[in-house]
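Next up: some structures, all given as structure tokens.
Shared between the two complexes below is chain A, which pairs with chain B and chain C, respectively.
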Partner chain A sequence: MSVPARRIRWSAVLDHSILIIGSLIMILPVVMLVQMASTTDLHTTKFGPGWVFGDQLPVNFEKAMFKADGFSGENTGLRMLYNSMILGFGFAIGKIVIGMMAAYAIVYFRLKFATLAFWVIFTTLLLPLEVRILPSYEIVQKLGMLNTYQGLIIPLIASATATFFFRQYFRSIPEELVEAARIDGAGPIKFFIDILVPLSRTMIAAMFIIMFVYGWNQYLWPTMITTDEGMYTLVRGIKQITQTLEGTNLPEYGRSNLLAIIAILPPVLIVIFFQSWFVKGLTESDK
Partner chain B sequence: MAQVKLNAVRKTYPNGFEAVKPASFDITDGEFVVLVGPSGCGKSTMLRMIAGLEDISEGELYIGETVVNNVDPADRDIAMVFQNYALYPHMTVRKNIGYGLKNRKIPSTEIDAKVAEAANMLNLNDYLDRKPSQLSGGQRQRVAMGRAIVRDPALFLFDEPLSNLDAKLRNQMRIEIKALQRRLGVTAVYVTHDQVEAMTMADRIIVMNGGVIEQIGTPSEVYHSPASTFVASFMGAPPMNLFDGHANGTEVHVGETPLHRHTHQGKVTVGIRPEDIVPDVTGPLAINVNIIEELGAHRLLHGHTADQAVTIHVAKDFPAVTGPMTASLKPDAVSLFDSETGHRL
Partner chain C sequence: MKRAGFSDRWLPVLFLLPQLTIIFIFFYWPAAHALRSSFFLQDPFGFGETFVGMKNYTMLLDSASYMRAAWFTVIFTSLVTFLSLSIALLLAVKADKVIRGAKTYRTLLMWVYAVAPPVAGVIGLVLFDQSWGPLRDFVALFGWDFRLGVNYFDTAFTLVVMSVWKQLPVNFIFFLSGLQSIPRSVREAALIDNRSAAGRFWDVTFPLLAPTGFFLLIINITYSLFDTFGIFDTQFKGEPGNNPMTLVYKVYLDGFRGNDLGGSSAQSVILMVLVLALTIFQFRMVERRIHYT
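Here is the complex of A and B:
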């Protein structure tokens, strides 16, 4: 019995080529990172990035996590990782809590000017942090919140995006559910905690991913607010290290690239971990 | 257990629309009352006012002895079953049924006992740990019933609870709900647009149209002596035949045929139920049959008499043919309505 020759579908080949090229473009910088993190600084200074992997990963890891520079000796990689975590989680959780509560108020309570309030919140999308950075800085400074986690997080958590998504979601929840809960004796707070929050869990997960990555990658605001080395986040700290090309010192390519790898990991892990929730939250709804 | 009393209850919306015109009626303890009418007639608004989900614009509502106009729904001692069931999707059946009790701070052992009892009554024992999404429509409906039963309310409110079910299940649930209400002896108000549900389930029917109560009565009263042409045409399938007639002070004529004796004078609307017109070779009513509708247990003959449409209900063994025939009326078959106002004369 002869198996008929499989026809080559050129459209599929084309599709796959595009995908493969795209993937390479995405992956190559990461490969470069790993390569440079695995060789000595001297090697990288001499030859630049290449295809030869060295055996320096453990050494560079040691340096990246525990070596500090500056005056205080507080900005170790570990410390920066910790700060970034606090910023990422604080930012994401804060945005979700504030966004949910704002949406709850707008959707479920007969407030005067609720629609107006919503659109005012919505227009803040047109005023990102970069536009209002000076007044924001001034307020934080006057409140004495420079170099604190509060100062780092609170000014960023008012969120039109989260409010908007939760508003749309809440509006799709059937009215009868609210009424059934009212008859079941659930007041506003009970309804929120017992019904609305569990119903929104996929939505919360989706928001969490977006917001965590967004918060983790913040650069400008932490740079403004934190001058104390113990408060540096990873994203800003790496910059600090690559900059110190002075005197006879070689730039610490190995250390900074390894820190960059560490900085990539948490968002990647979070996305992988929450992936299925993410898709669910943004597409389907089990009501 | 409680009686319900409405005293000139009225609903107007901020935009001036009057959804329910002042309505007064009493519901006695243990009675099953059905509010029926076409969509937009105000029946749901009425129910929601009784439930407390909608503010009452004017008038007083009593549940038991007290005015409850300003009492929160949770404190009115009512339970409501919604059209789309309104089950909490993230909770198991057990938690769905027990949620109201939990909010009333009832000890969990007692909740468990009550939930088990309700589940027993509704054959839900095997499904207690499932989520609503894993249940069929009929089972969801039962869970919604269970949620109402465990609260041991003074008043059941049903808002078109069967309209999302298929026809067969609807007939079955109709009987189950009625039997359950009988057994528990709880007063019930049931809203539906389906006149068959109204006829079969109600102790008393309230027919509404355009925010106005057209008639309150037992199913038999509403069917046999409708208070208006609206009720006559809304209740019953096929609806009552309505003819334009003329009364001369002694007799009422449709076309040239005298059908009824009445002292009214002038134009009238004559209503006759299809089953009250009997084929009769010596009968006075000349009918030209156009279409025969075969329904198995009986047949419907559609035709004209004196140029007006008429429907006759005949037994399955009647040899029906299209073409001219004659018929007579059963005694007391005629309802007379004022042709201007539509009210019964």
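Here is the complex of A and C:
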């Protein structure tokens, strides 16, 4: 019935509507957390989330960052932020350094046991930490690494995702490059540091973003391994947040929601600002 | 394989050493330990252990609560995978089609990737709060008396909704990048051959996206099994009670809370076999995919 030109416009309206609804579904829940963090706890307890923002953000921020609960008084937001940073950076850097080294050895050297090393390393891709969580806990306990940063970070590194990623990437680099470097007299270490690492800059950045977000967002492992409140990360601290909401007194919605927002802010900002690297790293890691 | 390379003997070993050490201590050792413990019954007070053979396994299969968790895991995984894949596909197709605002939509639809699962759990608690949860109020309009944490079905519903919400961005990113890698020539040829947009989608786009979809299927299954732990744990507020739970949550609960090491190890081993089977299946399909393209 309608004119073709008009029909096309209607389909565009439909497309945009679907996308807008989708975007709202992604955004509104988090806006709701912000709104609840901006009103008084009494208001939230009575009426729940609403459309009007209050002026309590600074007050709640103060509480979230500097007030601690629990016995030791050590799990302030600031302390948890610090621990999260260590976990995020430690995990990302550790994983990339170890992964690049292993991938370099596998791709660029003639090793007798290369195939064996490859399988030993890549079997780890098959079983996530969650599957072997209890025995891992026992071993960390035996090694006396409970409530330490090493105990938090190193077991998480024991899977070969970064190694696999760099292996794929190194193999896509033309062979002529090694030949040329060797003719020019570059040894294996010089080739690695002066040629391969600079060449992989974009890949390292992409991997760093993915690994940082992954490390930062870890929940189960930190929950088991850190019992000392001074060692809590923000994401692990969320468990405490929900449990205080169950308290008999006035639940501290403002403080707890603001803590949840602080917990998601750094990884969200990184993903948004370094979007193209992040998408590249994510979609190219599976090939 | 690369033929050119350095021929040093000890340098590569040195390069491999950190990775191998960590893997042996924190991967193979715990995995072997789990396998071994699954055949033993541990004394709860730490005084020795007795070899019981397959008893830990047979007890699991006889346990009503384990089978209940197993069934819930199957249903939960299928629902989360199906819903998050299909909604993400719809959004990706639309985001690939629009011209204006494409970049903004892309950002808005993917940033939730960085939100930690337990925060998604907290959001679920608020959305379906007993007294003023906005979504609880919404479903109440249809006469649904939603009781999060009390009613088994309602709790499961919240878990599925929040797990899908959290997983949409990953699927969206992969589908969009899959769509964008379809060559322009193919699209133009399809445009000439097939006037209807729906027909073009099912005949051309969908088959071309199948490899991405298959890869995502595995990703989504592992996500539903493992990464949703944080969503479950925050929803339960430390009191799982009679709530629906996945097999991974049960491993944690029985081993860490219930101190049943043998049983929990047997559960770990069952999960390992499951994931192993899934991955081998995936590798096989990936091989086939390489032959196709």
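Here is the rule we go by: the second predicted complex is superposed on the first by the 255 of 287 C-alpha atoms of A that agree within 3 Å, B and C clash if a C-alpha of one lies under 4 Å from a C-alpha of the other, contacts with A are read in each partner's own complex, and residues count from 1 in each chain.
One rule holds in what follows: contacts are C-beta pairs under 8 Å (C-beta built on N, C-alpha and C of every residue); 3 or more make two chains touch, one makes a residue touch a chain.
Everything quoted here is computed from the prediction, not taken from an experiment.
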{"item": "Fit or clash between chain C and chain B when superposed on chain A", "value": "fit"}
{"item": "Three-chain overlay, vertex chain A: chain B-chain C angle, C-alpha, nearest 10 degrees", "value": "90"}
{"item": "Touching partner for A:93 - first (chain B), second (chain C), both, neither", "value": "neither"}
{"item": "Of chain C and chain B, partner touching more chain A residues", "value": "C"}
{"item": "Contacts of A:225 with chain B and chain C, given as first, second, both or neither", "value": "neither"}
{"item": "Contacts of A:180 with chain B and chain C, given as first, second, both or neither", "value": "first"}
{"item": "Touching partner for A:108 - first (chain B), second (chain C), both, neither", "value": "second"}
{"item": "Partner chain in contact with A:195 - chain B first, chain C second, else both or neither", "value": "first"}
{"item": "Chain C versus chain B - closest C-alpha approach in the superposed model, Å", "value": "8"}
{"item": "Chain A positions touched by chain B in one structure and by chain C in the second", "value": "179, 182, 286"}
{"item": "Chain A contact footprint on chain C (complex, rising order)", "value": "2-8, 11-13, 15-16, 18-20, 22-23, 25-27, 29-31, 33-34, 37, 87, 90-91, 94-95, 97-98, 101, 105-119, 121-123, 125-127, 129, 131-134, 165, 168-170, 173-174, 177, 197, 215, 222, 225-226, 229-230, 233-234, 237-238, 248, 251-252, 255-256, 261, 264-265, 268, 271-272, 275-276, 279"}
{"item": "Of chain B, residues touching chain A in the complex", "value": "51-53, 72-75, 78-80, 82-84, 86-90, 99-100, 103-104, 133, 147"}
{"item": "Of all residues in chain A, those that touch chain C in their complex", "value": "11-12, 15-16, 18-19, 22-23, 25-27, 29-30, 32-33, 36, 47-49, 98-99, 101-102, 104-111, 117, 120-121, 124-128, 130-140, 143, 154-155, 157-160, 163, 171, 175, 178-179, 182, 187-189, 191, 213, 216-217, 219-220, 223-224, 235, 238-239, 241-243, 245-246, 256-257, 260, 263-264, 267-268, 270-272, 275, 279, 282-283, 286"}
{"item": "Chain B partner contacts - residues on chain A that touch it in the complex", "value": "174, 176-177, 179-186, 190, 194-195, 198-199, 201, 286-287"}
